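Next up: the structures, one after another.
One chain, chain A, appears in both complexes that follow, with chain B as partner in the first and chain C in the second.
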Partner chain A sequence: MSGIMYLARSSDPKVLEKAESGGAVTSLLRFLLETGKVDGVVTAKARNGNRYAGVPVLITEPEELIDSAGSLHCSIPNIPRFVKEYLDGAMKMKLAVVGKPCDIRALIELQKREQIDLDNLILIGLNCTGTISPTTAKQMFIDEFKVNPNEVIREDIDEGKLLVMLEDGTTKSLDLMKLEEKGYGRRENCRRCEINIPIFADLACGKWGTEDEEERATFIEACSDKGRLLVEEAIERGFITAERPDKKSIKKREEKDNAEKELAELWKERDFKPILDLDLSKRLEYWLNEFNKCIKCYGCRDACPICFCDHCLLEASRGFLEGGEIPPDTVFPLTRLAHVADSCVNCGQCQDACPMDLPLSKLFSLLNARLNEVFGYMPGIDVDQKQPLSAVIMEELQVEDTFLDISSINKALQSKSSKRD
Partner chain B sequence: MKTEQVEKRGSAKTHEDIFEPKIIAFLCNWCSYAGADLAGTSRIQYSPIVHSVRVSCSSRVDPTYVIKALMMGADGVLIAGCHPGECHYKSGNLLTRRRFMMLKTLLETIGIEPDRLRLEWISASEANKFASVVDDFVKQIKKLGPNEMGEQ
Partner chain C sequence: MIKYEQTICPYCSCGCGIYLTLKDGKIIGQEPWNEHPINEGGNCPKGRNAYQFLYAEDRLKTPLIRKKGKLVKASWDEAFDLITSKLKEAGPNEFGLLASGKNTNEDAYVEQKFTRVVMKTNNVEYCGRLCHSSTAAGLGPTVGSGVMPISQLDIEKADCFLLVGINPSETFPMMTRRILRAKKKGAKVIVLDPRNTVTARELGDVHLQLEPGTDVAVINAMMKIILDEEVENKEFIESRTTGFEALRDHLTNLDLLEMKEISGVATKDVKKAARWFAKARTGCVLYNQGLNQHITGSDGIKALATLALITGQYGRPGTGLCPTRGQINGEGTGDMGCLNVFYPGFQKVGTGAHEKFEKLWGVEDLPANPGLPYTKMIQQTKYLWVIGTNPMMAAPDIDNVQKDLEDKELLIVQDIFPTETAQLADIVLPASTWVEREGIHAYVDRRVQKINQIIDPPGEAKPDWWIICQIAERMGHKAQFDFSSPGEIFEEIRRCVPPYKGITYERLENTVGGIQWPCPAEDHPGTSTFFTQKFNTPDGLGHLQVVNFQPPAELPDAEYPYILTTGRSIFHYHTGTMSRRTPKLDAEVPSGFFQINPKDATKENIKRGTKVVLTTRRGSIEAEAHVTNEVPEGLVFLPFHFSEACANKITNPVLDPACGMPEYKVCAVRMEVSK
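So, the complex of A and B:
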């Protein structure tokens, strides 16, 4: 589905100055807050001005919005968990949430589990080509860019280059692929991520497609009626100005998206193939070695935006696992894998939280990719498509096989419905 | 029986004969358990090395139970439920089937032979099917050999 597209700019010069591109997102948020359409805005902000310590924040005063303008590539705030855990899943308040594609996908998965109320949320998705873990980023700036990390005021990933801008106005850029070969660069899960434009949010905003503009602008795609109305009203009230992008910029955006997708496929192949090439017993040995490092800190479970059980099976009080045993039984990581792998949105929060550096996101996204093939299910894209382990369709009653061929069931359904039309 | 012991006796037993697999069977209360019961009362012979666990529905089997059984050294796990369309709770067995599909993929991904897990539809009257499924599964597991997890 492609929605109505805009090239938008903020009408506020102060926002324009600080913004990543056209400042339209910050101004849209201001519009929402000032007109009382939302009770608050959830976005990320550099804590105490530290770019490497971005945290999710709830902003209720329009004046504070300016603090959140601009992108933070070297922080990994857990927006969906914040909304669910600390804002009561937006059950009682209206919120606008700004997030990367994986954040938005996690929110959509949480809606399927009735942990949040999506009706109360306006989802503003940002284009994303990846984020960098803060410690890696600092080390990389020192080792490779030869700059003081504290002097960096902006980063950008564009056309295979990582660009940093310093306080004194100078910029430096290095080839991202080369950095990543050396172990720097984006987080592992981001390298493998093929979802750059969040067209499942209400608005998908970003820089792609605005490169040829003389003045910086934000490319907005309104992907739902909610999103379209919001942009139209904000234009009417003078918070943003907007024009329609020409064919050239739409094409440019598509090209950039496709280039990133291709790169992601390469990374997937690179990360997954060595594991899949191992024979089964070697593969088991590999994973058991990794699992043996686990110190059972529950960090992965607590960071996972999809894990939501009030009384987790892994707690010692449930009697499923022995309490106080380190490393815990292999069942510990595998239980989480069995419970959430079908809905993993590849946000990488588990691996970021892990103090022992277990390759969790690799395990989860590998299984998720394989389950996608089995179930034909892509998590976090369509709120009406139920998660594969808890949704069954009546057609399955007619099938005796113990392993369903879901694609052929779906095909039969489609041809049936097209005949009816 | 340990391998050395057999060798000492000079017996010509093959690996498959020596290996007595441990098999856990989760049986649905409404069909497969009754089917197993019928197999018993009908004096149908089947392999005695299957440990049955009666569950109120095959979908009561959390995927982690299967994983836990295998991680604790079970050589095979059998889940048996009602035929599609005959579930006492209408769609429980359909959920089981989806979990089974997930588990098969999961086991393969982490390096455990997916054939160690089997799902079968066995109704209360299918005592013969129960016996033949168990025998066949035991044969299959014997061919696979012992679960590596059990040796650790």
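So, the complex of A and C:
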């Protein structure tokens, strides 16, 4: 089911000037702050103006919002962790959170684990076709684009091209696939990501579908009542103007989304196939060889937006694992896998934080894809759908076979319920 | 309000970036700084737990003065008055100052200047004496400079690695990351280590598991094989080196069988390693304490550099001998001249350096003769000022160190915790550290990065430079120590230390990953690779060295049948001052232990966890046994982080005559199960 769609524009000329599309997100946030509907806005901001150092920030003054306008493709701020770890999961304040699809999905998973209070959050999702690690981006700008990374003022990923705009107004664009084949381009997890439009947020905002507009606009899909009310009120109060997109515009958005999804499937095939082609003992050997590089820094656990235990089982003080050993017992990565693989939202933060370059995101998303098939579960999409490894269905309890085929049980159940409907 | 502030990890010298999360002036967490080129968002266990030590309960917060045998709280003025009156009584060369590999360049610069200008002596040293003095003595005559000649980033360009006495997977994990990347592209890794470390196991393609202290025998054998098989780089030898004939004669007379007898390494493995290294396009040598800390440490380094020279593995990105500094400012404190034989910028004592600095500093009578090295200074000075270093854990033969320190007319200890050394002090001064003050450090590859002050120091703790300047002023030298900020000190450093001339605070603020010295001008990008055209020797050539194998000073006998060697764990840092006050690191390895081979353990009736008394000719300590194949038969490994099982109570204080490096890596030991 799709929500109500808008082509929106900020009513503030200053915002329009700085914004990449219609500036509607910045003005919606301003509306929320000025009217006291939220206590703060969580978004990413280029630290000291540095595009490669985008960090999560809590903004409480409307005037500061303008600094966070525009997207940062070459930063990888961990928004959901910021909300969970440093803002007490929004348990005591009302927040608007702006995030990429994976950020929003992580927040929804955290709600399932009761680590945040979604009632206090307005989720403003941004379309995303991927981000680039800052070190990779800078090297790529020097090696391939032949530009000084400090002179880049904007990037965009569109129709298979990576485009950069420089201080002097010139632009350069290169074929993204070719860059990625050379090891540049987007992060691995982003290449494989098929979720570009965050329709599970309250609002899904982006510029797809606005290409034919004479004046730049923001395409907004209100995916919840909360989202729709927000847009309507902001229009009413004059913070934004909006019209309904025509069919052509909606179709364009769909086509762009589909093209990116197809590309993601290609990358999945490329990344997963060599592993799946290995026989099981070789596959095990491959992973054990990777695990043996682990130096037990806990960086993956700490970066994981879904992990939340205050006193983690894997800590040396718990006595579950022998302390002081590297590599730690294989139980270390496997426990992490058991705890969060079903909920993995493919944000890639674990792999980014790994000092030994372990292909963690690949492992988690590969396993997650398998689990999805079995349980028909997609993490971070629907707050009412419980994660399968923690929600046992009655049918599972009644089966005595340890090696039960859950996937066929699920399918049988689904067909039963659809017949009932 | 929550803020992310950038800083650099306070542990080893890789210089990894981290974000500290700040709330109301207090650090409440840390986050990956993905943009930093050294670590790209990853950190090792210590780096992931970088800040907790700052908030340990027993931080020093006020000056302390010993009264009736007890250290009691005092005011800064009281401490300054007492220090000034005592130091004014010090005779020529009775004063000494031990600086730290953890202080900033600005601190270190002021510390050596105080020693030279106010106390008129070159008795200024730092812990570099105990980790890389053999590097200076070994590489100086060979290639003319004891610094890392490349950028860390270029390590991953190598296609062959020679890791000598280094366990980077535990001590420099970010270097291991780059080796792993190179291995993915097919690079070979040769590991020379008596222990079967995690590095040897996980990175090594061939492990030359030599008898401790026999590095020279193995390296000479490699060179002999290379010449015998004519895989040396003739063109490089011809155009860039001198001394080849003497080397050839020396190697011709060597017997590979004898080398095998000495080192215990199979000749076929040495051959494999020699061929790989000689034929590599880019051969990278990383080495550390396992090579350095011997009475023949400087010999080993000379031989190793000679091996790199005859194979042409120098002067290109990724090549050459890389000494790996263990401290954030292990390089910088030396750069600033906290060494008994060097004025700032490695301007050697006795070569007119004092006259140059008399002009620069506007003073007279600067000392022209070398001062005492670290361990001698502990023994021979009457007035000792110890700043951010802990000889009661770090120097060899601690019982004698204690006697010497207790005998001092005045012992000032300036630190952040009541360390084992501070317990003996007459006066204890509380220092601020890391992000409690501002300043620059030079990391392992001469990479200069700036630390900004992010939080307030605890209590009345003050920056090291400020404390020194206060005393200098009271000693009548305000004119030379009239600094009101680290920035002012840095401007003087830029004037007096040529490699730093082009580096400014502003440039460092805007350059993620810092600038590698030498940087001669403000528009110069810094220097990542050394020796591209010539070496830093007077004639510009690499000087091939002839080195003979000599055994370690103290080998096992009937009374002390095992070899004891010391080292580090990934979860702890040096003398434990910081890491043992970090709950998560402490939980990983909470107490002192030693490693013993299963066969030896059976022989001695030792199991995992057995308390064992280790005795050498210096004394005894008790530690818990870890039974593991990580050590071969006959070898016992003891980390030096733990005061309750203090390794250096029993290590041998015998020194490398060329540089004053103690032989921490080999002495004879016996074991008895505790009763």
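Convention: the second predicted complex is superposed on the first by the 392 of 421 C-alpha atoms of A that agree within 3 Å, B and C clash if a C-alpha of one lies under 4 Å from a C-alpha of the other, contacts with A are read in each partner's own complex, and residues count from 1 in each chain.
As a working rule, a contact is a pair of C-beta atoms (placed from the backbone, for glycine too) under 8 Å apart; a residue touches a chain by one contact, two chains touch by 3 or more.
Note that this is a predicted model, so its numbers are computed, not measured.
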item: Clash or fit, chain B versus chain C on superposed chain A; value: fit
item: Chain B versus chain C as contact partner of A:Leu87, first or second or both or neither; value: second
item: First (chain B), second (chain C), both or neither touched by A:Leu163; value: neither
item: First, second, both or neither for A:Leu118, with chain B first and chain C second; value: neither
item: First, second, both or neither for A:Asn292, with chain B first and chain C second; value: second
item: First (chain B), second (chain C), both or neither touched by A:Gly323; value: second
item: Touched partner set for A:Leu58, first chain B, second chain C, both or neither; value: second
item: Computed vertex angle (chain A) for partners chain B and chain C, CA, steps of 10°; value: 80
item: Superposition-derived minimum Cα distance between chain C and chain B (Å); value: 12
item: Contact residues common to both interfaces of chain A (with chain B and with chain C); value: none
item: Chain C residues within the chain A interface of the complex; value: 1-2, 4, 6, 19, 21, 23, 28-29, 31-37, 39-45, 47-48, 169-170, 173-174, 176-177, 180-181, 198, 202, 512, 569-571, 583-584, 587-590
item: Contact set on chain A toward chain C in their complex; value: 47, 50, 52-53, 55-58, 60, 75-76, 78, 81-82, 85-87, 133-135, 138, 292-293, 295-299, 302-303, 315-317, 323-324, 326-327, 352-357
item: Interfacial residue positions of chain B with respect to chain A in the complex; value: 62-64, 67-68, 71, 83-85, 91, 94-95, 97-106, 108-113, 119-121, 148-149, 152
item: Sites on chain A touched by chain B in the complex; value: 278, 280-288, 313, 320, 329-331, 334-335, 337-339, 341-342, 363, 366-367, 370-371, 374-375, 388-390, 392, 396-400, 402-404
